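Have a look at the structure below before the remarks.
In order of appearance the chains are A, B and C, and numbering begins at 1 in each one.
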Amino acid sequence: MMLALLPQLLVSGIAIGMLYALIALSMTILYRATTVVNFGHGDIVMVGAYLLTIFVVNATLPFLPALLASLAVLFVFGYLLHRVFIWPILEGPHLSLAMMAIAIGYALRGLMRLEYGQESVRMPRPFPEKVFFIHDVVITLDEVVFCVVVIVLLLSSYLVFSRTRFGRIVQAMFQTQRGASLVGIDVRLYNNLIWGAGCALGALGGVLLGLILVLDPDAGAWTLLRGFAAMTLGGFGSLHGAVVGGLLIGILEKLLGTYVSTAFIDITCYIVIIVVLLVRPRGLFGQHATLRI
Amino acid sequence: MALLEVAGATVRFGGLTAVKEVAFEVEAGTVRALIGPNGAGKTTLFRAIAGEERLSGGSIRFQGAAIHDLTPHEIAARGVRRTFQNGGLFGDLTALENILAGLHMRTRSSLWGLLVNSRRAVQAEREATRKARQLLGMMGIGHVADQPARDLSGGQQRMVEIVRALATDPPLLLLDEPAVGLAPPVRTELLGIIRRVVEQQGIAVLLIEHAIEFVMTVSDTIMVLNNGELIAQGTPAQVRENREVLEAYLGR
Amino acid sequence: MKLTRSVFWIAPMLALIPHLLLNEYYQYLVNLTLVYVLVGVGFNIVVGNLGQLAFSNVAFFGIGAYASGILTTQLSMPWWMTIIPAGLAGALAGCAASIPALRGVRLFYLAIMTLAFGELMRWSYIRTPSLTGGSMGLSVPAPELFGWVMEREHDKFYVFLFIVVVVVIFTNRILESRIGRAFQAIKNDEKAAAAMAIPTSRYFLLAFALSGFIVGVGGAMYTALVGHLSPEAFDLVQLIQQFAIIMVGGLGSLVGSVLGAVLITATPELFRDWPGFEELMFGVVIVLVILLLPRGLSSLLARAHSVFKDRYYRDD
């Protein structure tokens, strides 16, 4: 009886998992480039949705140009963020890097709140809500969009990575920064670009989120923790780990939330983080282990 | 019974065997050096003795008891102290406080005693401070005792490390490349310190070093490691003549 | 050295003077500052002195606050009797938070895990309404000390000040002793510390438990101060503010905790009318501090006069 729900849960789980995967992926490329964990990324994701709203509502742009504009703004933001705030302190204490990211996220949160105050905002939708039925499984248009967007993104990133010069350089940098700089690669420039890309990707995730969530300056924490859960499960630093992790978290949330308790919709990500780091810190595909003292 | 007995020690990392069936003994009051080309397994063996690497086979016994299953701090508590290749100095603490950290075991007092400044707690701290200053003074660096360790010169830092390791009169001292980066006069001074503590206090020293002249002068016995295996042990004169050793890396 | 010691006695006595001149509202702010001093002191032990990236402080704060609140509402305990239990609850949470660290989890892994722990605690406040009032929150009666009901902010001030002075003095003693030395040693080089026969696991546990205790007591004070607890007060926003205390004040420095506490209590007051502006300012200030004054405000003051130097915290 309950088992009949399984296909539905899997489908919905994978759909939201795609979104988590996107967010985790955007965080992972920042981490791979600079070994910095961007604790402010959740807020950056939300800014994507807010910016789109501002462009559509205040600047009365049509959806697509507004989307491109938001992504562009966040690309530039990410570029500058790394160049001005991260690069100078990269060699310093880890706490400073973590705090820098948090503080910037916090400032962004303040900006969003300044602009919108206490009112709850709905991001404008480019297409109406719609529901499809495949056998007994309900799937919304939003969910389809999540899957399509992320799959297209993954495919194109794969192509960029393996076919373009830029992609090959980034791959080299992911392997070893020092080696890359020794062969003449401008590490700082590429880090800037990678941070730009990571923030833009995060913004895209924010826009997708905006389809299903009411916008709230405090939603950054929600986003951040799910991104972390996906990265932890998949293995910190692993790109396919981020994707697999995101999908698994999405599925787990749905399964545990239905079969065990609705509480798990909220706490699956926390539990995954705690359990994985205690039992197998490097996750599924990661490499770094823990200290042995 | 020798102070340190290593028997059949083997350390494997996945498919790679870094240390292969190494066996030797260190007697109290002697200096034994471990030399060999880079990658020979010297550091791995060292770390295994200090408890930072797990043995895949064999045993290490100190004062008759097995220590290869203990954690580093347990081994240190039993009287095996070491210095590190890249400092290991506590930069934020002063030279004096570094020594006090070395004396940590000896400055015991209860939490309650610390909170209320009990006579015992104050006494313990005072005693330790006195001893630490004395030790620093004996090594000729008493005047920098209250400076942060990271502000000291390379030679002074090395001295602080040695004093810190010796602070509890440990029966066994492990020195990891103690002479590296030191100017010749400082090396001579170091040499003198090592021979003095060995002869006057009966401390045993096991050291890794690349500076051949230093090794030849300071050691009673030299062991040569190559590809994880002990290929020679003997007095400096014997090792100098040993053909295999010469082939391995002296390159003459 | 003697001068530094007497600051601990003199400063609180000086603080008593303005108390006579302040109205209820400003007295409330001073009391809030005292709460944040404890929060900062506790947080600093783990992050500043032991040098670990632990983001669990809000969890300790919330657990202490709710422990006090639950004991007063469910068991009708007078507030003063809940202080130690709140501290112990915080210490217990500290032990729990140290478990990953004991297993070798470090750096941002530890940060993420303690973050998840904090959020899990906050979720539990919302989901146990019978105990905690859920998202509606928990209202507690006015705090009581041996039968004396402290209705006015001035009343609470005496008690808070006493608690803070005691905690600060004891923390200073601990940090100046071999324990504080062990913390710093671990922070500088964990392996070398172990090689000095310092049982690092034990000191991790001690640091976390001590931190948890102090912040837990701060939580109990918070409950007495605000009279009503809600889960939102213990979210990531609160964590960032607590970070601001220690980062802007000076990591590892007791003086810094005090300075930082004053700062984050005063700042929101200046910007109360502009929601969001305060957050923006906080973010900007922290960024500037990291870039320009990484050792915090106490380092500035320490250069001015040695009275502001903690002996175990150096900025050179």
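To be clear about the criterion, a residue touches a chain if its C-beta (ideal position, glycine included) is under 8 Å from a C-beta of that chain, and two chains touch if they have at least 3 such contacts.
Everything numeric here is computed off the predicted structure, so don't read it as measured data.
Looking at chain A and chain B, the chains in contact with each of them are C. Centroid distances from chain A, each centroid being the mean of CA atoms, peak for B.
Put simply, the chain closest to the centre of the protein, by Cα centroids, is C. Contact analysis places A-C first among chain pairs (by count of C-beta pairs in contact). Chain A and chain B have CA centres that are 48 Å apart. Separation between the centroids of chain B and chain C, computed from CA atoms only, is 41 Å.
Computed from the mean C-alpha positions, the centre of chain A lies at a distance of 32 Å from the centre of chain C. Across the assembly, chain C contributes 191, 194, 200 as residues in contact with two or more other chains. The residues of chain A that reach two or more other chains are 292-293, listed in rising order.
Residues of chain B found to touch two or more other chains are 52, 71-72. Within the complex formed with chain C, the residues of chain A that make contact are 37, 39, 85, 88-89, 92-96, 98-100, 102-115, 117-118, 217-218, 221, 225, 228-229, 232, 236, 263, 266-267, 269-271, 273-274, 277-278, 281, 290-293. Interface residues of chain C facing chain A in the complex, by the touch rule stated above, are 47, 53, 99-100, 103-109, 111-113, 115-117, 119-120, 123, 127, 190-191, 194, 200-201, 235-237, 240, 243, 247, 251, 274-284, 286-287, 290-291, 294. Listing the residues of chain B that touch chain C in their complex gives 50, 52, 71-73, 76-77, 81-82, 84, 87-93, 97, 100-102, 104-105, 107, 109, 111, 114-115, 117, 121, 125, 148, 151, 164, 168.
Contact residues of chain C toward chain B in the complex are 170, 173-174, 177-179, 181-182, 184-185, 187-189, 191-200, 314, 316.
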